[in-house]
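I am attaching a structure below and will ask some questions about it afterwards.
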Amino acid sequence: MNASAGRSRSWRRAALTLLVAGALYEALARSGYFAAALLPTVTAVGQTLWAMLIDGTMLRHAAYTLYRVMFGLGLAIAVGLPLGILMGRVPAAEQFFMPLVSVLMPIPSLAWVPVFILWFGIGNVTTILIVFYAATFPMLLNAWSGVRSVNPLWMRAAGAMGANGRSLFWKVIIPGASPFIVTGFRQAFLRSWIAVVGAEMIAASAWGLGWVIFDAKEFLNTDIMLASLAVIGCIGFAFERIVFGSLERATVLRWGMVRAAKG
Amino acid sequence: MNDDVPHAASLGRVSAHRPRALWDGARWRAAARTAFPFLVVGGIWETLAHMAIFPRRLFPPLEEVASSLASLTAAGIMPHHAVETVARLLAGFVLAAVLGVVIGIAMGRSRRAEDIFLPLVSIGAPIPGLAYAPLFLLWFGLGDVSAVLLVAFVSAFPIIVNSWTGVKAVKDIWIRSAQAMGADERRLFRLVILPGALPYVLTGLRLGLAQAWRILVAVEMLAAVPWGLGWLIFGAREFMNTDVMLAGIAVIGGVGLILENLVFKRIEEYTVVRWGMMTS
Amino acid sequence: MQHIEIDRVSLVYDTPAGQVAGVQEASFGMAESEFLCIVGPSGCGKSTLLNIIAGFLAPTSGEIRIGGRAVTGHGLDRGIVFQDFAQLFPWRTALENVAFGLEMKGVPKAEREEIALHQLRLVKLEKFARSYPHHLSGGMQQRTAIARALAYNPAVLLMDEPFAALDAMTRDEMQRLLADVWRETRKTVIYVTHNVAEAVYLADRVVVMTPHPGSVKTVLPIPLSRPRDPLSVEFLEHQKQLMRELADQAVKA
């Protein structure tokens, strides 16, 4: 069987699996064993989702969440990327920051939420800072690894052709480290996404996808919960494929460098 | 014969076998270098705390954090919380590890299993684990069962994905060699596929444990359980006991480090690093 | 009846451009304890043919017989050494690698370790029995692979350009070692290479294959006495003859 036939078979199997899973869920929901509030039918969830989209609430929640993610991610990149590169180039910087990173990294970002709430109160600042904390480490570590992985052969070749410090940095080191840097972006985004939902559940005041899920629990609105989960999944998936996929295609894939980066 | 010289890469590891004095000059220097950044950060913190720019409750000096930690530990409170958290973590993680490795390997070996599970995994994975938390709480109620199931569910994903990748990454040439030497399916699986996939499986387990840890602390903060490190930290908010919070965070960091170094590093050193399949 | 018979073996591939013959009607025979080299340019199907003999590929038509019996699929009667030195299992020591085939045969531990050690002695690696492959150089790994393929006493040893990835000096030493090992064990060997000098050094007879489609052009005997001197006149004569046969194809193809 050739490649394309195999692929379309996979697609068909995938669709089949999802249909079966959906049907099972539907059967359970309609069976009457569980209260409708706990296990709403797929149609009920669909209707809720539709209603929330139409009246703009879902979009507003998503917008708040995305705003916090982008802000936090932006900070993480602004801090993590240069710092990681610095650590890769300057041994003294690596020796100074590495122990700090190793100790802080295993601490889940959400552990800091109560402290941040005391310091900055409930709301956007705390949420964004949690996202920043979560996303900085993958960005930093990947940038550091990337710089260290730049093939010395490239540096020598460039040096032999007269490249000086600045052009060496921008034209050899940065492109050379790009598979890792792109992986860093990707992982930082994923971590931000995870952190924002958690932070919103605990620290947000009124809007956001994480907040709406948590809030819905109070009123047993499982349909809202599932609808929001679906939205979270879709946005995450879309970002992954579209944003990072095209970034990869435009750079590392085009240059055949993907093998170096293992997300 | 001139190629009797062992591979250059192994010479770098000579230091691991050289007998060392317990604490020679090089080790002191290395320890000092590692401690230095903490001294700097600690110094800055202390200065800021004593300058009383922020209220003392919110920004306690390190000695207060240390004394909180000491008294909580002496009273048995901190250990109780820590043990509860770790117990839940282990229960959930072991469940995830067993299920995850089994499913992941099945996916790697059988096209059919892959076709069935891959769509489910691809959809479930990008959704942040914590987003499922209220759902689980609603379905299974507050308490340990919810927490453990949630931890297991969320940490299973990286384990599945990595085990699956690992099985597919087993080199064809190993399989062919083994088959040429008469290995049947069962022995091929046990003696070639499992060890061959081990680097990936270990990575998956490591990622899964980190996920489990993160989710557990968060779930405990959602006040789903009466004891636990997350609950401790969150509860301290009520009385603005920042020193208790920071003490709790320090314990979380400590447990994480212990798990990483005592458990994973050891397993890795004994297997995949020793076999040269992964650099330490 | 010869010990090994390759009888009109063909392998046809389905490609978008139609059917392509990877190997077409390859036929030759071998006596026991003979050292046979298969030589040819890239694309002539020599590795494909070896894989068919090893049982990893099924021929579209034709048959392979060992000791009069047809063989299909892989089996312990054929040992194989690939070109890639990553063929050793990294999670087993050299000794454990060599003992693998014996383990599959059910030989008890003490006995198979003894046999494995003996094999390693044959390739002069007994000091590294407890080392892991990643501590061994490329040449040492290939020697271990050879020991591994010999350990369970297969009827024929198949080698697919095993020394092609080594540097020239190591390669020379490995060829000398292989010649010595063969003299001691008297194994039947089928050895694929693109290196003409190597073929003349090692083989009793050389099968010359040509590409498009892959087929056997001719079989040249190398009746030189061993040990062979690569710089002697007779050696170079045979080398020239072989190269002429091969060059002939390049023009036609």
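All chains are identified by letter, namely A, B and C, in their written order; residue positions are counted from 1 within each chain.
Just so it is clear, a contact is a pair of C-beta atoms (placed from the backbone, for glycine too) under 8 Å apart; a residue touches a chain by one contact, two chains touch by 3 or more.
Keep in mind the model is a prediction, meaning the values are calculated, not measured.
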> Measuring centre to centre, with centres taken as mean CA positions, what chain is farthest from chain A?
Replying inline: C
> Which chain's mean C-alpha position is nearest the mean C-alpha position of the whole protein set?
Replying inline: B
> For chain A and chain B, what's the span in angstrom between their mean Cα positions?
Replying inline: 19
>> Suppose each chain is reduced to the average of its Cα coordinates; what separation in Å results between chain A and chain C?
In response: 51
>> Report the inter-centroid distance (CA atoms only) between chain B and chain C in whole Å.
In response: 47
> What part of chain B is in contact with chain A in the complex they form?
Replying inline: 33-38, 40-41, 58, 112, 115-120, 123, 126-135, 137-139, 210, 213-214, 217-218, 221-222, 229-230, 233-234, 236-237, 240, 242, 245-246, 248-249, 252-253, 256-257, 260
>> Applying the document's contact rule, which stretches of chain A touch chain B when the two form their complex?
In response: 9-10, 13-14, 17-18, 21, 38, 95-97, 99-100, 102-104, 106-115, 117-119, 190, 193-198, 201-202, 209-210, 213-214, 216-217, 220, 222, 225-226, 228-229, 232-233, 236-237, 240
>> Which residues of chain B touch chain C once you look at their complex with the stated criterion?
In response: 1-7, 9-10, 171, 173-174, 176-183, 187, 191-192, 195-196, 198, 271, 274-277
> Mind pulling up the chain C residues that touch chain B in the complex?
Replying inline: 54-56, 74-76, 78-80, 82, 84, 86-87, 89-91, 100-101, 104-105, 124, 128, 131-140, 148, 152, 169-170, 173, 177
